[in-house]
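One chain, subunit A, links the two complexes that follow: it is found with subunit B in the first and with subunit C in the second.
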Partner chain A sequence: MADEIVFDGRTVPVLPGQTVAGALWEAGIRSWRTTPVARAQRGLFCGIGACFDCLATIDGVPGQRACLAIARPGMVVSSRHDLVGAASPGTSATPGPPSAARYDVAVVGAGPAGLAAAATAALGGSRVALIDGAGQPGGQFWRQRESMGEGEERGYRDWPVFAGLRSIVEERVDHIPNATVWFAEPGFVLHTTAGRVEAGRVVLATGAYDRVLPFPGWDLPGVVTPGAAQALLKGSGVAVGRDVVVAGAGPFLLPVAVGQAAAGVRVIGVYEAGDPRGYLGRPGSIVGVAGKVREAMAYAAALARRRVPYRVRHAVIAAYGEAGVSGVDVARLDNAGQVVAGSVKRVTCDAVAIGYGFTANLDLALMLGCATRVSADGGLAVMVGGEGQTSVPGVYAAGEITGVGGATLSVVEGELAGSAAAQAAGSSDPLSGRELASLRRRRRRLRAFADAMHAAHAPPAGWPVWLEDQTLVCRCEEVPYASIAAAVTDLGASDARTVKLLARPGMGWCQGRVCGYATAELTARLCDRDVRRDDLATYAHRPFAAPMLLGDLSRPT
Partner chain B sequence: MSWVPEQPDRVWRSAEPKRRYQVVIVGGGGHGLATAYYLARNHGITDVAVLERGWLAGGNMARNTTIIRSNYLWEASAGIYEHALKLWESLEAELGYPILFSQRGVLNLAHSPQEVRDGMRRVQANLLAGVDAQWLDPMEVAEVCPIVNVSPQLRYPVLGATYQPRGGIAKHDYVAWGFARAASDLGVDIIEHCEVTGFDRRDGRVIGVRTTRGEIGAQTVALSAAGHTSVLADMVGLRVPLQSHALQALVSDLLLPVHPTVVMSNAVHVYVSQAHKGELVMGAGIDAHNSYSQRGAVHVIERQLAAAVELFPVFARAHVLRTWGGIVDVSPDASPIVGLTGIEGLMINCGWGTGGFKATPGIGWCYAHTIAHGQPHPLNAPFTLDRFTTGALVDEHGAAAVAH
Partner chain C sequence: MAMSQPRSATADVVVVGAGVVGAACAYYAARAGLRVAVVDRGPMAGGTTGAGEGNLLVSDKSPGPELDLTLHSLALWEELGSSLDADAFELERKGGLVVAATASALETLRTLGTEHRALGITVLELGPDDVHTYEPHLRHGLAGGASYPQDMQLQPMLATAHLLKAAVRDHGASFHPGATVTAIELDHGGRVAAVRTSSGSIATPAVVNAAGTWAGDVARLAGVDVPIMPRRGFILVTEPLTSAGEAPPIRHKVYAAEYVANVASEASDLQTSAVVEGTRAGTVLIGASRERVGFDRTFALPVLRRLAAQAIDLFPFLAGVHVIRAYVGFRPYSPDHLPVIGPDPRVPGLLHACGHEGAGIGLAPATADLITSALVGAAPAVDPVPFTPERFAVASIAGEANG
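Take a look at the complex of A and B:
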């Protein structure tokens, strides 16, 4: 008998290791939450725990992210969201870390940067804890199903790197899975959903999630981020639709499209708003990053083999549908990133994966007081020195939070930060002088490549023009563009923080994770100026780094 | 309970500072705005500026838990708070502005025999003062608010409660915007992003303020700056007996109606209501140390929630989305300080501690009177600054809800 969960009284089959969202999606269920204001339907959107659109009541506990929860046979999932009648005690009942002892180094995040940092620090002899919200190490880049079949790793890039880091971590590091750090105190005390961890040094490797620009219809079920499509596929073995549009900007669109096509669905097109020819303007940027170039060419060849059209300077500017997305408007963009008049075409599809680069996960860095800057991609990043040291003594940062740059750069930065943290903790230097010099060289090249990438794949300047008055900017609080505009033009707000207080974008479940970049950009444009650090920081600063169950909070960690 | 209606117009005139005014009010929170409104409405004084260093109503007005009640112990307190409550009852019509005032009742729980005695005494005192009040036993508490755990097994069992049915909540920013718009319509200048950096004096008398937007002269400068009053008073060499502390609060995710009233518990440091939109709004205790930082310690929240979840078991399944802190100005007797300062041309309104929001219209009314006449309104006459030297205290530690 197949394993099953129950959703609103209906049985839904599940495969081992699938998420609740993956199981629902496979069963054709695209929405399971009703928004409080407009009573609109929502389901999966970011797919990796950032947006909170996919909330469901699971085994009596409301407010659970279906994209993160692993579907266990017999689980009862409900689309209702209330407290009354719920049967559970209201605690997440996860076990504490293996011991309450103090560590030399605590690494937060088990993606490429965090794994590399933890492994390097441990090789230097430090006592290392690696804390991660997921059940498996790997982060988004090496996300796997809980029980992966033989040979499935062939679908992953740089799997041997992951396998190597994982084996060091398994041997020498206290890996604390299923532990979300929700509060960080100086000194350092990390409060996690699996208990408290103390450490003399902290390496933040909290990664990034897809950056999305609002457009009419982006809140329809079936419109998801590329990361969500990838997570559904890698994490649950589920394709995002039958006729899929992949759109946005950045090289990440390529593996997403190839992955969907390889899973046997029809990829109608990849619409890239940027123009990869932009790299040619910076010839220096591809020196020494032959791997990146080979990778892009392999993806391009894979798309060509499957006859998937790849259109540059094209954007999805609207989505349509009743219960879910059934079509999109695709437009050609001119050199200035504006829609070319008369170029809009309607394309039929049942799923859209759309994103414009990534937003770094900075809540812990800001909580600890690390200085930040506006990065090359227009988002916020932690300011770091050569070894990943932040402005706060004892706090190091590595990977996407220092400026989005991809997994290879993240591993390099993780090794540098892990080595520096271990040394500062009094351990022996895990890397030789030559190794360090080589890492620094690679980091420089990869960072130059990343800068060129951001220039070639920048969000199109014309995106605010696509918005209609009633287009939601903040999905959680259901704040339309008109309210954001009114906060500036009628009420006199001149910064994104005041817009937040007057119109409430960023005040809901996701606390500005999704709408922060767009709201900061819109505010700046309405005020006729460039985005400032503070505009972005106000949506990245959170008193708690995750919504906490009151029941969990009531038991001090 | 219903969803919040469409956000009302917030528009008021955004004024440039003039060179001088008859009255300059320092602080654009609820008290400052209400004072400006009643100066214009009751006394015909419209040459008034309200100076706000940040954005309007972004201090404690944006950070409180919006609870309104008047069941204080002493006649002096009941007088001012009950005056405020009566104004609340007609404020929406008065301002022509929705403020979502909801008289859903307020319970103050008693958890020890001493609190029971104090509560019963307070109910009697309230009745004598003309304030509605009832004493409820635990079963009656459960009837008013079925989600309260009245089991005797609790660490702090519910032994009874005072109940004020006319108490309730209002929507704090709408209250501020309503006062701002009404005051602006009557001719008051509302000036945001204008921080006071000093005072101009002649012959000892305060004759104006220095601000980040220039010097502004005034016949009367009226302070209304809550937790930052002591900072301003220091600039004129006035020592005020205030302790500023961070007081934290938090909100949950939006929930279907589950909590029909307002519940406060002095002993376990929790007060909670469910806002119109559906989120639980919970206040915590104050941080023990003095601070001007609008951020408190996390263990205070943890302790608060341990108590809250014991009292309201269903809350265990709600999520905290956001926490914040405000700066409360606590006086030695937990009562406000309103009136003259001993310095000509300078008036003071502070010391409301954790309870200033509920007094907003009442204190606006009385402070305006004090400013207009140069002497206290009878209702704020007991709350002088010199009571801390004369000894005529108004001790409200028991009724001020959060133990100071």
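Take a look at the complex of A and C:
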């Protein structure tokens, strides 16, 4: 008999290792949460734990992210959110690593950057902990199902790199899985959902999640981020839809579209708002990064083979549907990023994967006081020196949080930061001077390439024009564009923090992870100025890196 | 909203600080016919006002000058509610509920209640079972409580914005965010002549120092000392618990009787006693700690833990509710815990409206009323003497004499 979970009284089959969201999606269930204000239906959106749209009550505990929870046979999942009278859970925190464990280096995040940092520091002889919220190492890039079949790794890029790092980590590093760091104290004490970890040095490699821009209908079930489509496929083996539109901006759209097509999905089109011909055609930016270009070309070829149209300077500007998305409006964009009049076409689909690059996950960096800057993609990033040192002594950063740049750059940065942290901890230098020099060179080249890429894939300037008064900007608090505009034009707000205080965007479950970038940009435009660091930072500062049950918070870890 | 640069402007009065106190002063003074300019180094409500809870309480105040000022202020808030649209800043007469865990705490509560009733305040004494009709989710085994239907709540940032908007739109005031006051210029007679800011000067015969926790710095620009210091407070915010239109699981502002003692406490170390209340957004706010640790914005986990534990002690169901954020603010306090309101005799033309500690939201309109009376030479509605800035001048001279 197949394994099953129960959702609102109905049985839903699950495959080993699937997430609750994955199992529900496979069963055709696209929404399982009702919003408090408009009583709208929501389900999967970001797919990787950042947006909190997919909350469900799981085995009596409300407020669980269905995209993160692994479906165990017999689990009872409910769309109801019964708070008062809900069985007060003893604690969601499971006993963690041997307490009072003190490490030379704690690495947070087991994606490409974190794995590389942990492996490098450990090779230098440091005592290293590698902490991650997921059960498996790999992060978003090398995300796998808990029990993956023989040969499944063929679908992954740079798998040998992962396998190499993983084997070092398995041998020499204390990997602490299923541990989300929710609070960080100087010194350093990391409070995780699996207990506390102390370390003399910290390497933050907390990655990024998809950056989204609002548009009418983006809150319909079936409109998800590219990361969600990818996580569904890699993590749960589930296709996001039957007829899928992939849209937004950035090179990530390509592997997402190829992945879906390879899984047998009809990809109706890939609509890229930018124009990558810009940097792919500029040899200067390509020196030393031939691999990156080959990668893009290979994806483009794979799309062409499957006859998936790839349209540059096109954007999805609206989505339609009743219970879920059933179609989108696609428009052509001019050189200034504005919709070309008369170019709008209706396209039928049952899922949309849309995103405009990534937002760095800066919770812990900001909590520890690291200085930030506005990076080439217009988002916030941690300021780092050549070896990943942040402005806070003892704290290093690597990967997407230093400025989005992809997995290859993340590995390079992880090695540099891991080596620096190990050295600072008094271990021997894991890398030779020659290796270091070569890593620094590669980092420079890859960073230059990333900057060129960001310029070519910038969010189209015209996106605020697509909004209608009632289009939600903040999904969690259900704040429409009209309220954001009124905070500025009627109440006189002149910065994004004041907009937040007056209109509540960013105050919901996700704490601005989803709406922060858009709200900061909208505020700046309504005030007729460029976005500033403080506009972005106001939506990135979070006293807690994850929601905590008050019961758990009240008990010392 | 019009926001011109102050460049060589003139005004009848310059209000320094666009927190709730400054905004109220601007509104009352402009309504009285004065040409008002409000300057702030940041945006509106960017100081302590943006970190406050918005309770307008009589229940936590012992009889004395602050309670007199509060009663006047709450009446003014209700008036403002009808003239400015109470709904726009979520003004709600939700009522306060004070609960006592022990017989001795109840005893103290009863004594305070008797004093309150003598002043005409409505206080309902509640037995151990009565408290649950008010708040069904309170824990069992409490000794009793007291209900204060006059306690109100509002959203402080929206209230500030609406006061400023009305001052600017309806009464000709101007608001200049991002203008840091760098000097207060005096004429030969030592009277206020102008306010210099990072974006221009404003010639004026009067300055209202409504700079909250930073009011001491502004006073020093005029060469006087006003002893205002920060008292840090954290607030926890839960996930939204209710949908629009649903009855919130916590209906009143609920706190333990010990809170009253903490508010008035002289101790500099940490005090916490949970104050729990629902908001219109469906969240539950859990405040508030009191600590004198300067302007340290670091979230202190032990303090947050204690607030959480105390809230759960009042409402056990909260153990299974998520906290999604927290915020920090610095209450402006003076040595005798009373606000500093009125003209400073040392510098003619300088008035103070600061030092409201944990009650500035509640006290803002009455403060503005006193300031405006002083500016236009009208009779004050409440006795201003306990709040006069002189009290510290005298005290510090006496202090010096004593060594």
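Here, the second predicted complex is superposed on the first by the 545 of 557 C-alpha atoms of A that agree within 3 Å, B and C clash if a C-alpha of one lies under 4 Å from a C-alpha of the other, contacts with A are read in each partner's own complex, and residues count from 1 in each chain.
The rule is short, and it goes like this: a contact is a pair of C-beta atoms (placed from the backbone, for glycine too) under 8 Å apart; a residue touches a chain by one contact, two chains touch by 3 or more.
No experiment lies behind these values; they were computed from the predicted model shown.
Undergrad: With the two complexes overlaid on their shared chain, look at subunit A and say whether subunit B and subunit C clash or fit.
TA: clash
Undergrad: So, does A:Arg39 touch the first partner subunit B, the second partner subunit C, both, or neither?
TA: A:Arg39 sits against subunit C, while subunit B stays out of touch.
Undergrad: Just subunit B (first), just subunit C (second), both, or neither: which does A:Arg442 touch?
TA: neither
Undergrad: After the superposition on A, what does A:Arg65 contact: first (subunit B), second (subunit C), both or neither?
TA: After superposing on A, A:Arg65 lies clear of both subunit B and subunit C.
Undergrad: I'd like to know which partner A:Gly508 touches here: subunit B for first, subunit C for second, both or neither.
TA: So A:Gly508 meets both subunit B and subunit C here.
Undergrad: For subunit A, what residues appear in both contact lists, the one with subunit B and the one with subunit C?
TA: 36-37, 61-63, 83-84, 86, 88-89, 183, 185, 191, 490-493, 498, 501-502, 507-509, 511, 542-544, 547-551, 553-556.
Undergrad: Within their complex, state which residues of subunit A touch subunit C.
TA: Listed in rising order, the residues are 34, 36-37, 39, 61-63, 83-89, 183, 185-186, 191, 367, 477, 489-495, 497-498, 501-502, 504, 507-509, 511, 542-544, 547-551, 553-556.
Undergrad: Show me the residue ranges of subunit A that touch subunit B in the complex, using the header's touch definition.
TA: Within the complex, subunit A touches subunit B at residues 36-37, 60-63, 81-84, 86, 88-91, 183, 185, 191, 483, 490-493, 498, 501-502, 507-509, 511, 542-544, 547-551, 553-557.
Undergrad: Spell out the part of subunit C that touches subunit A in their complex, as residue ranges.
TA: Residue list for subunit C touching subunit A: 1, 3, 43-46, 50, 137, 157-158, 161-162, 164-165, 168, 175, 177-178, 236-244, 249, 281-282, 286, 298-299, 301, 304-305, 308-309, 311-312, 316-327.
Undergrad: Touching subunit A in the complex: which residues of subunit B?
TA: By the definition above, subunit B touches subunit A via 3, 7, 10-11, 14, 55, 58, 62, 192, 252-256, 258, 277-278, 295, 298-299, 301-303, 305-310, 313-324.
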